[in-house]
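What follows is a group of structures, each given as structure tokens.
Below are two complexes that have chain A in common, paired first with chain B and then with chain C.
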Partner chain A sequence: MTDSEIRDAILDGLARIAPEADLASLDPKANLRAALDLDSFDFLRFLIELGEATGVEVPEADYGCVTTLETMSEYITKAARGRGQRGRD
Partner chain B sequence: MVGGRSDAAAMIPFIDSTAAQWVRPNLPDYAAACRSFSWESVLAELDGLPGGGLNIAHEAVDRHARGRFRDRVAIRCLGAMGDRRELSFAELAVESNRFANVLRALGVGRGERVFSLSRRVPELYIAALGTLKNTSVFCPLFPAFGPGPIVERLVRGNGRVLVTSSALYREKVAGVIDQLPELRALLLTDAPDHWDGKVLSLPRLMAEASGVFRIPPTDPEDMALLHFTSGTTGPPKAAVHVHQAVLLHYATGRDVLDLHSNDVFWCTADPGWVTGTSYGIIAPLLHGVTMVVDEADFDAERWYRVLAEQRVSVWYTAPTAIRRLMRLGGDPRERHDLDALRLILSVGEPLNPEAVRWGERTFGVPIRDNWWQTETGGIMIANFPACEIRPGSMGLPLPGIEAAIVRVGENGVEEIEEPGIEGELALRANWPSMFRAYLHDDERYRKCFSRGWYLSGDRAKRDAEGYYWFVGRGDDIIKTAGHMVGPFEVESVLMEHPAVAEAGVIGKPDPLIGQVVKAFVSLKEGCLPTEELRRSILGFARKRLGSAVAPKEIAFSEGLPRTRSGKIMRRLLRARELGLAEGDLSTLED
Partner chain C sequence: MSDFTMPSLGADMAAATMMRWRVKPGDGVKRGDVVAEVETDKGLIEIEIFEDGTVEELVAGIGEKLPVGAVLARIRESGTAPLPAVIPAVQRRRVSPLARKIAAELGVELSGIEGSGPGGAIEKADVERAASHPVEASAEEAGTAPLRRAIAAAMEKSNREIPHYHLDATIDMTSALAWLARENELRVIQARLLPAVLLLKAVAGALRVEPDLNGVWRDGRLQRSERIHINFAIALRGGGLITPAIHDVDRKSHDEIMADLNDLVPRVRAGRLRSSELTEGTITVTHLGESVVERVWGVIYPPQVAIVGFGRVAEQPWAENGMLGVRQVLCATLAGDHRASDGRVGARFLDALNQQLQKP
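Then we have the complex of A and B:
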């Protein structure tokens, strides 16, 4: 997956859970849960669906590393490249 | 080892590894405590207001600020960005005095309602206690509410003041301010300057206010707290609690939370839910212990870090969080020093036996479930530290509380003495923290009582040894992630979407959060059930209701089952969702 495909997968997933959000103006450094009013269940479900879309499963222990659009994109990109090792390094 | 405990009780060790010695439970012998209990003896452990009466804030703060705990940390707030702010009992007394003076200067007096809509920052706690000192009434709202639930509650509760942040004000309140004519002032916790004559800077008002305040005489029956809870058929109900409730807050802090003066206590609930007020503000302060407050939302690794770094010894949390930690897996004690932890409690929905045992394996202490409701003001039934735990059971009634399983029939309420029979869980009315009213709704209040019993609406059983077991709700109220959502409130908003003809909302069972709010909607003529429309309805509901109340799932349905009188049969929607037999359909239309 290219960087932009990963970014699109993230934005698609967010739009499914929080369709009211204005994702075009989302600050890549903003805390996603706070900016989009996602409760912990929303965020969990989003990450599970994102795992299905990208093949990168984010383990619960790493949820604190994917709090913004930017850190999440980086995390997924890195994990997708190192595929086979599980989604963390 | 403690003397006087039964063999069964001795199965569960009490270890305070920091001191490398046993901690004697405050309630070492349950049966003896029940025999000798009196509310007068609880009152005798409190101070009483110097000018007469009983005031929660005096007992929680001022008496410690004048005593040996004056320099002890009362509240340690861990900011979401890693910052930390602490208040000693003496500082908390001065700051809450300032807030009381701010209210007085705004002309807000006895019995008037001060609402909060705030993240868990020190100002929230200062406002709560200052409001009680001023004999005004504190009403906390959950910050994940959307504008709809916020307006509904502020209007029903005649809110005079709202304590909030600049961001929450801008996002959720500014657009609906015209619907709140009774609101006199909005106090922004993070604004350096006043915005206009009504939207004011709290830091500035606090800087101008005196730190000296004398609590006016407070009758134990004066209204202190207002907590909203969901109804099945109507709008949310505002349960009124009085200062007298402090007796139960104190007794349960002593007997259930087992607070000892050197404990560090963490209640993970937000004050917007009743647990986060009774046990996330009042009870730990009453006992003079240090309480930890985490501003951030749930994050499994972060929570383990908080437990370890803060040396938390007593931890009160919820099944939803426990199941998330179970999902994280691994042995947290390999990565974190959790030796200080000696007691873990859970509330919000029944804790499954597997989770109780997981706690024992993972932390070396089992997780103790307990049961209560917004209406009860505090814990009513609990697995006490000195009692055997029956995994899956909510435990035994608090000393001083009489519980029963009852059958409600034509002849009123009848007690079911025989063990193992399902009925409605009832409590003998008139304990100190019992709600005194649903504000502006006498009829619904009266319906909660019959022949001296408070009827909880929860279905339960009692076993031969007196342990209570939760069965389910007797009505359509949804319990999601430990809090209640009223289907009516959600359906009403869905119906306002231009494409929706009718809506039925149920709780769909979920292994992590108990129930998920699921909506069935039928569409108006000419509207097609597309993914685009699903998103439009979901977005509409989230914007109005906020993530805490909005449905997580929306399904299209051609026509919803109704009774002859026109009520949507949620029971049938639930049965269909679960693929169960649909039961008695005789009152169903068609």
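Then we have the complex of A and C:
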């Protein structure tokens, strides 16, 4: 997946969980859960869908690495590349 | 022959609007079957039937607003002879999910709207049109969304009638959360558990020890419930909350409770609940642990006799056996109905809750 495909997958997932949110104006550095009022149930459901779209499962221990749109994009991109790399080895 | 009537879906409900029949005359029904959908202040509710038999006649028409107790249908109990069926014209009223959401936000009654979508479906534009030309509301109702009015009615009744007592206890959650983290590490993401599951299961376990908090106050006395159905407060996006019941929590595993939440939360937010989920709760649990809230001073949902609240988990210094350490703790609160129980019962419940949470 390209960087922009990953970002789109994240935004699509967020749009499904928080359909009323104006994602175009979402600050990439804002805390996603606070900005979009996501509770732990919403967040888990979002990560499940994102995992299905990107093939990347975020362990609970890494939740601190995926708090903003920016850090989440970086994390998923890195993890997806790692998987691709391992697949070619 | 028996009458199937509009059930009371909570102490705060006076009437509901028939939206759709799921059965027709001649259909066989059994206890627990969903037979109709009604629109209430709490959204679209699926109504279940509580006897076995055959539908003889559908009395309530689509779009009719009917009070609690009004006859909706006539049911011939199993084993009695049939009468000639009368088939009323029944048509389904369709409402797009977005229209339903906007209607709830704007406080617009769907029953009064004419749909312009395919097959007469109510769409977003129809709701917005109705909202911009509102029918005359009473002064009392003006400007208040139906769900807010329902919550207001229940809370007014609670504060008027129930003498509350309040207790709180600080609970060390370190072991429980470590257990949860280990469990989730071993699971695929689809099977992960949330902390709320541990709290619900612990409340059910503690109620086995202190059953005087599980039931309703009716006819001037406490009516204990043998079964433990926990109303769990679920916040709606855009405001308000609904507290559907999770049935038989004490008999369920962590995975089964999580499966119930996975089923319930999306249905609550889409406004699709079943009548038994609104009527059969025996206690309420509210969890505000994802905010900065430390203690929840709950208001009991009548006719129940207790509500348990959980605040956030925070790291705190903790002294034990003469040693000082840092633990993850949360504050559990209990509001009890003083007509039904005393502080001593509440204290024993919180003690049992603490013990349950030390060994998840």
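Operating definition for what follows: the second predicted complex is superposed on the first by the 83 of 89 C-alpha atoms of A that agree within 3 Å, B and C clash if a C-alpha of one lies under 4 Å from a C-alpha of the other, contacts with A are read in each partner's own complex, and residues count from 1 in each chain.
Note that a residue touches a chain if its C-beta (ideal position, glycine included) is under 8 Å from a C-beta of that chain, and two chains touch if they have at least 3 such contacts.
Quantities reported herein were computed from a predicted structural model and do not represent experimental measurements.
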{"item": "Dominant toucher of chain A (residue count), chain B or chain C", "value": "B"}
{"item": "First, second, both or neither for A:L44, with chain B first and chain C second", "value": "both"}
{"item": "Touching partner for A:A15 - first (chain B), second (chain C), both, neither", "value": "first"}
{"item": "Which superposed partner A:Y63 touches (first chain B, second chain C, both, neither)", "value": "first"}
{"item": "Contact residues of chain A, present in both the chain B and the chain C interface", "value": "18-20, 37, 39-41, 44-45, 59-61"}
{"item": "Footprint of chain A on chain B - complex, ascending", "value": "80, 144, 146, 297-302, 320, 324, 327-330, 481, 512-513, 516, 535-536, 538-540, 542-543, 546-548, 552"}
{"item": "Residues of chain A that touch chain C when the two form their complex", "value": "18-20, 37, 39-41, 44-45, 47-48, 51, 57-61"}
{"item": "In the complex with chain A, residue positions of chain C that touch it", "value": "98, 101, 181, 184-185, 188-190, 192, 194-196, 235, 237-238, 261, 265-266, 290"}
{"item": "Chain A residues within the chain B interface of the complex", "value": "15-16, 18-21, 31, 33-34, 37-42, 44-45, 59-61, 63-64"}
